[in-house]
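You will see chain A twice below: alongside chain B first, and alongside chain C after that.
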Partner chain A sequence: MSARSMMSQRPYSPPAANDGKWRRLLKRVWFYRFYYLLALPGLLYFIIFHYLPMIGIVIAFKDISPFGGVAGIIEAPWVGFKHFNRFFNSIFFWNVIENTVIISGLKIIFGFPAPIIFALMLNEVFRVKFKRFVQTVSYLPHFISWVVTTGLVTALVATSGGLFTEWLNELTGERWTFLTNPDQFRGILTLTHVWKTIGWSSILYLAAMSAIDPALYEAAAIDGANRFQMARHITVPSIAFVITILFIFEIGNLLDAGFEQILLLYSPAVYSVSDIIDTYVYREGLLGLKYSFAAAVGLFKGVMAFLFLIAANTLANRLGQPGLW
Partner chain B sequence: MSRMRFVALFVVLILLLPSAIAQDEPVIHIFNNSGTLQFDAGGSDPDVLQRVQDHIAEQSGVRPVTIVPGGAASATEQLNLLLGSSDPVDLFQAPGNGWHDYAMAIIPITDLLAEHGQNIMQVIPESQWDIMRNADGDIMGIPRSTPTSPYITWVRQDWLDELGLDVPTTWGELEATIDAFRAHNPEAMVATRPGDVRWTTLGGFTPNGHSNWLDPDDGMVKPWVLQPGVRDWVTELNSWWEAGYFFPDTFTRFDAPELFRTCNLGVWMGWYSRITLITPQIESGCEGIAWARTSITTDMGYIATARPQNASAYVVTRKAENPAAVIQFMDWVYSADTTDNQLTARYGIKGEMWDYLDEESRLVGPDLSFGYVSEYMLPNLNIEIRYSLDDPSRAWHVEYLGGQLIDLGDAKWPFDGGLAYNLSRIADEVPTLGDLNRLLDEQTILFITGQRPLDQWDDFMNDLERAGINDWVKAISAQYNELGGV
Partner chain C sequence: MLKLSRNEKMAHATIYLSLILLTLAFLIPFIIVFSTSFISDDEFARRGGYVLYPEEFSMGAYDILFGRSQVILNAYSVTLFRVVVGTGFNLAFTITMAYALAKRDLPGRVPLTIFVFITMVFSGGLIPRFLLVDALGLRNTLWSMVFPGLINAWNMLIMRNFFMSLPEELFDAAIVDGASPPTVLLRIVLPLSMPVIATIGLFYAVWHWNSWFDAAIYIDRSHLKPMQIILRSLLETTNMQGLEELAFIEDPPPAASLRSALIIVSTVPVLFIYPFVQRYFVKGIMIGGIKG
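On to the complex of A and B.
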């Protein structure tokens, strides 16, 4: 017997006015117990894997030994904001922040609209087989690991022997150095990101488009609208809520500029334009065994991302779009 | 037999099985990040590995289980996570600043060595133990490194022969040789690596090479970059870059075997094993390829800097349930009387996977077809030089280990080489050490490749000051004085 049918036999009656506050709450919880039961696994997941680990934040304010285990964390001395100050006073603090924001920004500017445009274009394709073929091909890069992807990128744009580089050298008579030239390195990161994510990210938009009432298109066609006008005045407004929500998520991830991709492609020659918060933390924290410092920088990054998320959500609400809350 | 009885019997057998296959030998877990497995992260054929393990357990009385790092680049990361976890790991090679970085995770082994490590103590010379001792005089690990001269400039002998040239002995001759190579083959290149170029060339432009140095003006010990002559070195290498001598990807990531396979590499300035190990692999594709090891000088002396012993060591973890078994196993591998054990760890079961072709000269013939990739090999130059190899792919390499690699005669010896600095303490005292290292790695490459104009050298020096290089100078100088100098 389903929860709905069980409850439908006995409609919810508001608790008596003389019931205490907690008693009323308990009655309500008991009445909806099956719904709460359904939500329980999800709640437990978030509590165990997302909230309890937050206790680990304390190590950002302590000097812990990486090998001391839980006892080591408890016994380690409190050092206040020492690790935060060290990060803020680093000669590379602004460079690392700037790189993170610029690389993320480039990925948003070029990588966020790309799947929308791609989905709009696919939506206009009527040959189902061709459409499915293009979709499948565009999804493939998503399943290729960054290790393999960076291998492909290197094979294409390595200064010596890169297929694309050699072709460009021949064409222009100049020597191109994509992976060692600070002026070109971020372009490679952005292009690779777009190539890898365009297909997979378009799925949500395509799903939202499939839910649009065909009658709207039929009415527009009767009114003489062309395909472009229909896309502009029907398709885009209809998927605007998905665009807004995904954009808010993107802003929340602004400080995640692509650790794995950069770590596998960068070198000292391009540190100045590619060393992001995550690569900095990786070198200093994980390899240098400074876990407290890594936790402090991670916490700083988390707080900043949270502020970005709130700002983006507020902006969306003010522009009349549905936000996350 | 009824079905119930059959099930009961099956359950009893399952319960008894673990005790039936229980192994008497103590089991130790080795995280083999010694570099042996960097190209064989997939590990050996499991059946072969089991047989080798059984054989070693029978011979040594200890059953070693090896944890193979997933890749050379992430081995340290894996190790750090492993040490912080509850998973077993008894023995590993302390990377980075050596055992100092892992002092909280390891145990002193002085007493264990006295009781179970006679072979180890005999095989490794007395002089190599000092750097392993902590402030209390306890030995914290078994030395991994020895003083060597691994960063040498090599030139193509076959091209020299073809052009009727001698092996260059001066910087000027080297440049003339490169010009001749490029005239002979327009694709001819010079290659190095960002981390190698200082070791191979800085000695030709500075008094001490790639080394700390004592500034007579203030009596402080300073890092290499503050030496007189470093700017000249950068300027000279920049002129090489501008002249197109260097392989264009030499200061970024590149696949060394692929570079060697082009057959266009005329000069290699870097780690020796790229020559001794890769050359035999590509010989068939680069007909007649041969290399000459050079001893190049300028008026400042040898261009190469020798590499002193560092604090890298095989260490026993605090987690080790049976530390004595760990030392017992190492002592078996490092046997002073025979090379059999180290060769078993390296090549597998004697008489089947390898054997002596000439026992007196210890010429070894391995059979690599078994697919055993040396999970139990824990290299140390002191034992690696005790045999020669009848294996075309590694014979030159093994021969080189015992000869030219330990010949320190044609490289500058670092000013404070062999001094037992506690680099981990320096990292604590200089919180911006990571920033300084990034500055050094990054900016020297930018100057060499012309991406930063040389007239900004003074700005770079100011950046180093802002990043705290003076704290570094104070920390090194303090330890230098504590250690009694040289």
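On to the complex of A and C.
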């Protein structure tokens, strides 16, 4: 073999045989057998735990009994769109849709700008240690489970014994019931959401800010710009692309209004303002054992969420941003 | 250093003040819970609820949690099992698949990646997943907290992107030296990838530590319940005596202090570890933020 052909052939690449297309492919596959072996366990995982449940969606079009097992699922009669129709016509339909969209919307309206403002404020802090301390503390809620977060919320605003509630009761002479009051419950959800996400969500913005060329600020300073003008005309435009892309995906996830948070905090007294699609599926399906009906509601949400995501991604691509795909 | 005008100084003072207030908002809930965990019966009766600082210290709540009960230690061991064994499984499955999908000329690489990606944008939903875990006989086993979440597709793609960023020449050189593909993975790729493995491993570990919902729907047996479940049942019950897990307590301390103590006990490890490992997490977000 000449030195030239040795150079041109990468040491670990499939043999370039002159066989037919399929034979060549087979040879390449065999050549890479170690890698397929590595991919196999993961592949099995995705097939079993993600694709089998997708097939399991058929129960939404059947009438399965809660205790029939797999055989029961196969034997159950087909009922077409019965469960979907029942859901669309039920009095809960608009309620859960409305709650999902409103709670999600509130979280976007308050929770989306909050980390941007937080990052802009941190960007003005020149004491490195103070900045690092505030950042580290702000990440804390991200590492805490929703169960613990619920416990902290209770400590503050529980109807009886909550520190803030008792303090407010004394101050105003009224009895405050944040967690069971339909007028205030969504506020509690929004506030808790902002508290838990503001620090962590600011990371990407701060990263984008740290990539801004300092020469821009120096030039602006020479031109006599003050810090506000710099923030407005340099910092914000420089992170605009991060803001756009993150906002689009917030919209794409509109139907995820915060299942675990709501499930842990709500109670029958506030179902009217906080029962979202996910909690409804959970109660009807796993507590009420109406598997087929709940699966239909879940499928409805899955399809809608998928369409939202596609729309968001298309929008991102239209705006010249790299989307999720 | 820039010279600041009067307006800017005012603005800076406002910013510093806001940040200090925000920092307090993050910390105060923890301070309240920490303080309340030390209050006694008398003090609770006198002050009527959660407190910002205790007037006298009582270890009653912790005594009960650790002294008189196996429940907490048992729940801790279930959680530790999740975190250690679960994370180990997560990493093994994630690394192997990511490494295979990172091989640029692997036939079928793109379809396989799309196969995984589809699971990120569409899922069968809660009910089919629950019925599957049930049908597999995983309910009421520790594995119900390990297998259903073996690979997080997002984490796997982050790791794949990292493997793809390693220079190809590195592998070629090793192959020339006579290394087999498994040797390349074990001796060259893994040692080079320790930072990203640590990052993803921490993602998984925190997820396991904090998980509540999977155990809530898959586990009914007391001795298999992790920490978060015990904490949840203690938080939602209004009547301590009614709680099966703590039925052994004859003379319960105030609910608020018992709850607070359990919050502290289940949070302290995270509180102590996260300031030291947060930079790994930040790194993980950064890698994930870049599209591969």
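The rule is short, and it goes like this: the second predicted complex is superposed on the first by the 234 of 325 C-alpha atoms of A that agree within 3 Å, B and C clash if a C-alpha of one lies under 4 Å from a C-alpha of the other, contacts with A are read in each partner's own complex, and residues count from 1 in each chain.
Everything below uses one rule, namely that a residue touches a chain if its C-beta (ideal position, glycine included) is under 8 Å from a C-beta of that chain, and two chains touch if they have at least 3 such contacts.
All of these numbers come straight from a predicted model, not from anything done at the bench.
*Asks:* Considering only touches as defined above, state whether A:Ala225 meets chain B (first), chain C (second), both or neither.
*Replies:* neither
*Asks:* Using the superposition on chain A described above, determine whether A:Ser160 touches chain B (first), chain C (second), both, or neither.
*Replies:* both
*Asks:* Once the structures are superposed on A, label A:Val134 by its partner contacts, choosing first (chain B), second (chain C), both or neither.
*Replies:* Second partner only.
*Asks:* For chain A, which side has the bigger count of touched residues, chain B or chain C?
*Replies:* Of chain B and chain C, more residues of chain A lie in contact with C.
*Asks:* Counting only touches as set out at the top, which of chain B and chain C does A:Gly69 meet: first, second, both, neither?
*Replies:* In the superposition, A:Gly69 contacts both chain B and chain C.
*Asks:* Which partner chains sit in contact with A:Val101 here, chain B, chain C, both or neither? Use first/second/both/neither.
*Replies:* Neither chain B nor chain C is touched by A:Val101.
*Asks:* Which partner does A:Val148 reach: the first (chain B), the second (chain C), both, or neither?
*Replies:* Only chain C is touched by A:Val148; chain B is not.
*Asks:* Does chain B (first) or chain C (second) touch A:Val125, or do both, or does neither?
*Replies:* In the superposition, A:Val125 touches chain C alone.
*Asks:* Counting only touches as set out at the top, which of chain B and chain C does A:Leu286 meet: first, second, both, neither?
*Replies:* Both partners, chain B and chain C.
*Asks:* In the superposed arrangement, what residues of chain A touch both chain B and chain C?
*Replies:* After superposing on chain A, chain A residues 69, 154, 158, 160-161, 286 contact both chain B and chain C.
*Asks:* Could you list, by residue number, the parts of chain B that touch chain A in their complex?
*Replies:* Contact set of chain B toward chain A: 76-77, 80, 83-84, 96, 101-102, 104-105, 194, 247-249, 251-254, 258, 262, 318, 427, 431-432, 434-435, 438-439, 441-442, 445-446, 449, 451, 463, 466-467.
*Asks:* So in the complex, which bits of chain C are touching chain A?
*Replies:* Residues of chain C touching chain A: 1-2, 4-5, 7-8, 11-12, 15-16, 18-19, 22-23, 25-27, 29-30, 32-33, 36, 48-52, 92-94, 96-97, 99-101, 103, 105-108, 112, 115-117, 119-132, 135-136, 147-148, 150-151, 153, 156, 171-172, 175-176, 180-182, 185, 206, 209-213, 217, 228, 231-232, 235, 256, 259-260, 263, 266-267, 270-271, 274-275, 278, 281-282, 285-286, 289, 291.
*Asks:* Quick check on the complex: what are the chain A residues that touch chain B?
*Replies:* Of all residues in chain A, those touching chain B are 65-69, 86, 89-92, 154, 158-161, 175, 177, 179-182, 265, 267-272, 275, 283-284, 286-289.
*Asks:* Of all residues in chain A, which touch chain C in the complex?
*Replies:* 10-14, 25, 28-29, 32, 34-36, 38-39, 41-43, 45-46, 48-57, 59, 69-70, 73, 118, 121-122, 124-126, 130, 133-134, 136-141, 143-148, 150-156, 158, 160-163, 166, 195, 198-199, 203-204, 207, 221, 226-228, 259-260, 263-264, 278, 281-282, 285-286, 291, 294-295, 298-299, 301-302, 305-306, 309-310, 322, 324-325
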